[in-house]
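I've put the structures underneath this note.
The following pair of complexes shares a single chain, subunit A, combined with subunit B in the former and subunit C in the latter.
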Partner chain A sequence: MSADARPVLRVTDLDVHYRRGTGRLHALRGASLTVAPGETVGVIGETGSGKSTLARAVLGLVRPSGGRIEIAGGDVTGHSTRQWRALRRRGVLQYVFQDPLRSLDPDLTVAESLIEPLLVQGRPRREATELARAYLDRVHLDEELLHRLPGELSGGQRQRVAVARALVTDPELIILDEPVSALDSANRVRALELLKQLRDSGAALVFISHDLGSVAGIADRIAVLYQGRVVETAPARELVNAPRHPYTRLLVSSAPTLSSAAGDRARREALRELLHV
Partner chain B sequence: MSDAALRLTDVRIHDAVGDRDIVHGVSFELTPGKVVGIVGESGSGKTLTCRAVLGILPRHFSVTGGTIELAGRDTSGLTQREWTGLRGTTVGAVFQDPASYLNPSIRIGAQLAEVVRVKKGLTRREARRRALDLLSSVRLREPDLVYRQYPHELSGGMLQRVLIAAAIAADPQLLIADEATTALDVTVQAEILDLLTELRERTGMALIVVSHDLAVVAQLCDEVLVMRDGIVVEQGPTARVLYDPRHDYTRLLIAEHEQYGLDRFRDAAEPALSKELDHVG
Partner chain C sequence: MVRRLLALTSGRIAAVILALIALLALLGPLLSPQDPLAGSADILADPGPHHWLGTDYLGRDVLSRLLAGSRLSVLGALQVTVMALLVGVIPGILSVYLGRAFEWVTLRLADTLIALPFLVFAVAVTALLGNGIPQAMLTVGIMVSPLFFRVSRAATLSVARSQYVEAAIIAGASVGWIVRRHVWTKVLPPIAIALAHTAGVGFVVVSSLTFLGIGVRPPAPTWGGILASDLGFLSYRPWAPLLPTALIMATVWACNLLADAIRDVSGEAGRALLDNRKLRGRLAVAGRGA
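And now, the complex of A and B:
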């Protein structure tokens, strides 16, 4: 994480608009984010913050109207659909979505899902198959699941397969969009353990979520996305204990904690006035 | 006679279809201005207990034991008409999905004014004024604008404020908030919880807050009930339950927060916390 290391992801002043009927929705308004190799960056945001748009832009699924995206040193901002697909295929960049059905092809068995990216990388089938088994084991799934379709797995199992799939190509960068939000609390605890394993694999992670608590446990740094901009970035502990931006202060003092934030009511009122919410 | 807004004594709820008891004896008392929290997962019986207090148990469920007294009145044997009279005026409620309690094709103001007109017996003009007052009392920033809007034009947090306005329209002594903030962003959740606290302070209304999240309940409540599989496994003053839990399930809920919630990042214990502990100890 040295300062001069080439960032694996650099997003600079990113703007994204969506067409909405006759109007335009300004989803990102100059968002900037840098992720160093092997670093885990949490992106925290609520409804309308632009967090899913950021994930989609970084995966080439939505075209920015301004700004710049660099991945592993290369400017990918102007990439065509085909170039983006090639980039995702190469396995440099992987992703896990909230609903693992979206990150897994429903028509491919678990084995095919895991092996395909390795074949695309040019590995022999036998080696690819062995790797697939090894990664399934790493996420604590039984080998007998290899021949099932995603629809035949439980939500927790699907999430594990999605994580294994994100790992097989040994990517430099993994984008996680609300990876634990759809799970109940027991599965969430297990999934968070799994994400720590992802982090320890050496890949850089961008962990996008609305839940400060689950992000804070994994991220080296947290970026706070508010109204389409990153308004503050800081290490987890610092962000929780000494938030600077009024929105971050509101977010932290709004999070339900056992050490009771009830006494913060007056502070929250003042912050809402300041933010006009 | 007592001045309790609500008293439950060993309430049991039976499911006629499955032929089994779903809730096995819930007891607590709520005096004006007090807040009781019920924590539990889905299926714990927390929601059925609330529905029994509202007289709206689903068809094949019934209260088969114990008593529910609302404002000193035993509710067993109440007719449907009597229940309808109590709902709104004595007990109100808000739930997880506010949009489903509103008619999508009727403006907010008209729906709220109708509740006020029926429950308070006001003229249309008076009802309109009262509805506008209610919209501002739940801290909606532009009550006149909201009055003219349709449900789909409001955010989830705003809709929940409208539902709270409707629930308190006839000044009930008791308000039940059943997972009322579960679907909301955390900053919006805090807005709603702050609003409930403010309403309680201002009106002396008693509150039941139901949540799967112990931390949500802990922020607001004087007393906490932890329910699991229809049984109250733990019950006591909030600080006692949090800092000296007696049941393993409560300990599990607390451990989850300590391991995965924000608590573990807070530097040092807050002074307020140790003070509360002294109080309990």
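And now, the complex of A and C:
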């Protein structure tokens, strides 16, 4: 986690805009983010702040209009479709979707979904199945689930399958998009436990969420995204205890915890005023 | 897939009927007790020991004609189907993946084909390529292909934007992989239903072309052709049209049954697609057009 190690992800001044009719919608304006190997970085921000766009740009699903993205030391900003495919096949980079039910093909068994990234890499089916079995064990899922369809699993089990699928290629970086927001609170705690385990596996994690509470407990550092910019990056504890940017202060003071429920409403309103100026 | 199909009663019934029809198409002409083209003085005869199903208006043995006609009819319907698959389904799926230019051209082509009057097109093709069954089937296949194009494109579009396809893209899957593994299984059931529909329409179209002397030349028997000529002598042999009709109906029914069975075994995504009202509406509209 040392700062001088080659970062697994470095995003510099990233600009992304979408065309909306005749106008443009700026989703990201000069966002920067660095993730060191093995580090867990939380990215928080409200709806529309550009969290998902940031993830999609890093995954190569959205073309940036400016800035630079480096993955595992290589500049991928100008990659062609073919180069992206080659990069993805190496399995360095994985993504866990927000909704595990929709991210698993309803017609494929758990086993088929799990081995897909390995088969795409060109590994033999037998070897892939063995690996999938091992990873299923790592996320504490029973082997008999291998032959079930996603529709026959519970929400928590599906989430585990999605996480196991992200793990099978032994990635250096896993991006998780709101991995717990689709789960009920009991499963959420279990999923967070799973993410801690994931962190211990050595992969760097980028944990995207709108909820500071679920990020704060697991991330080493937190980056706050506001209107397409990373307005503050700080170690998790520091960010929660001594937020600097007004938006971060607003986020911290409006986190729905029991202690802040009685918090100072006037202060929150003052911060909102400040942001609207 | 095949095993799961045969596990269903409807799938088994459909398979048996279609197998019988295929057998008929293969062996039918050999089984004909008499020359299907040879006329006799004994016209419009009732069924008897000599002519089991009677004779038509030229005194030809109806049983022989039905048996001999099975090959042409089934082959014709098959040719239409294969043509529609080639010209409709494959471009329909690829139109989603091969970029804007290909998409634009195929969509406009499909629109053009829908707007084209069928018979005029059939006559034009015959004039250009000569008269023959393959040419006629080519024409019919191309004319029904917009239905397949639209059905497969709609189904592909709804799958292509799904998260599991995106997950496959992130895993580095190629377009071919995605189509084989994720798209095809979802596109197949609506296509199967459109196919069953077309096979039925195909028999009727073969006969309507026969009227014009396009494709099948008049003396050669087909189920549709026999039906058409029987209809002209309803007052003499009112039950006669029932025979070719029964054969056509059995085939169409078996195709529909098979389509239903495919839908039932094709999993949730396929069913969801078929329950999609828009797609059903499109099928209905396109069906009317054909």
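Just so it is clear, the second predicted complex is superposed on the first by the 257 of 277 C-alpha atoms of A that agree within 3 Å, B and C clash if a C-alpha of one lies under 4 Å from a C-alpha of the other, contacts with A are read in each partner's own complex, and residues count from 1 in each chain.
Here, contacts are C-beta pairs under 8 Å (C-beta built on N, C-alpha and C of every residue); 3 or more make two chains touch, one makes a residue touch a chain.
Remember, predicted model here, so these are calculated numbers, not experimental data.
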Partner chain(s) touched by A:216 [first = subunit B, second = subunit C, both, neither]: first
Partner chain in contact with A:253 - subunit B first, subunit C second, else both or neither: first
Partner chain(s) touched by A:236 [first = subunit B, second = subunit C, both, neither]: first
Touching partner for A:124 - first (subunit B), second (subunit C), both, neither: neither
Touching partner for A:74 - first (subunit B), second (subunit C), both, neither: neither
Common interface residues of subunit A - those touching subunit B in one complex and subunit C in the other: none
Interfacial residue positions of subunit C with respect to subunit A in the complex: 162-164, 166-174, 177, 181-182, 185-186, 266-270
Subunit A to subunit C touching residues, read off their complex: 59, 61, 85-91, 93-95, 97, 99, 102-108, 113, 116-117, 120-121, 149, 151, 165, 169
Subunit B to subunit A touching residues, read off their complex: 155-156, 185-191, 194, 197, 213-216, 218-220, 242, 254, 256-267, 269-270, 272-273
Subunit A - residues contacting subunit B, complex: 46-47, 185, 188-189, 192, 210-214, 216-217, 236-237, 240-241, 250-263, 265, 268-269, 272, 277
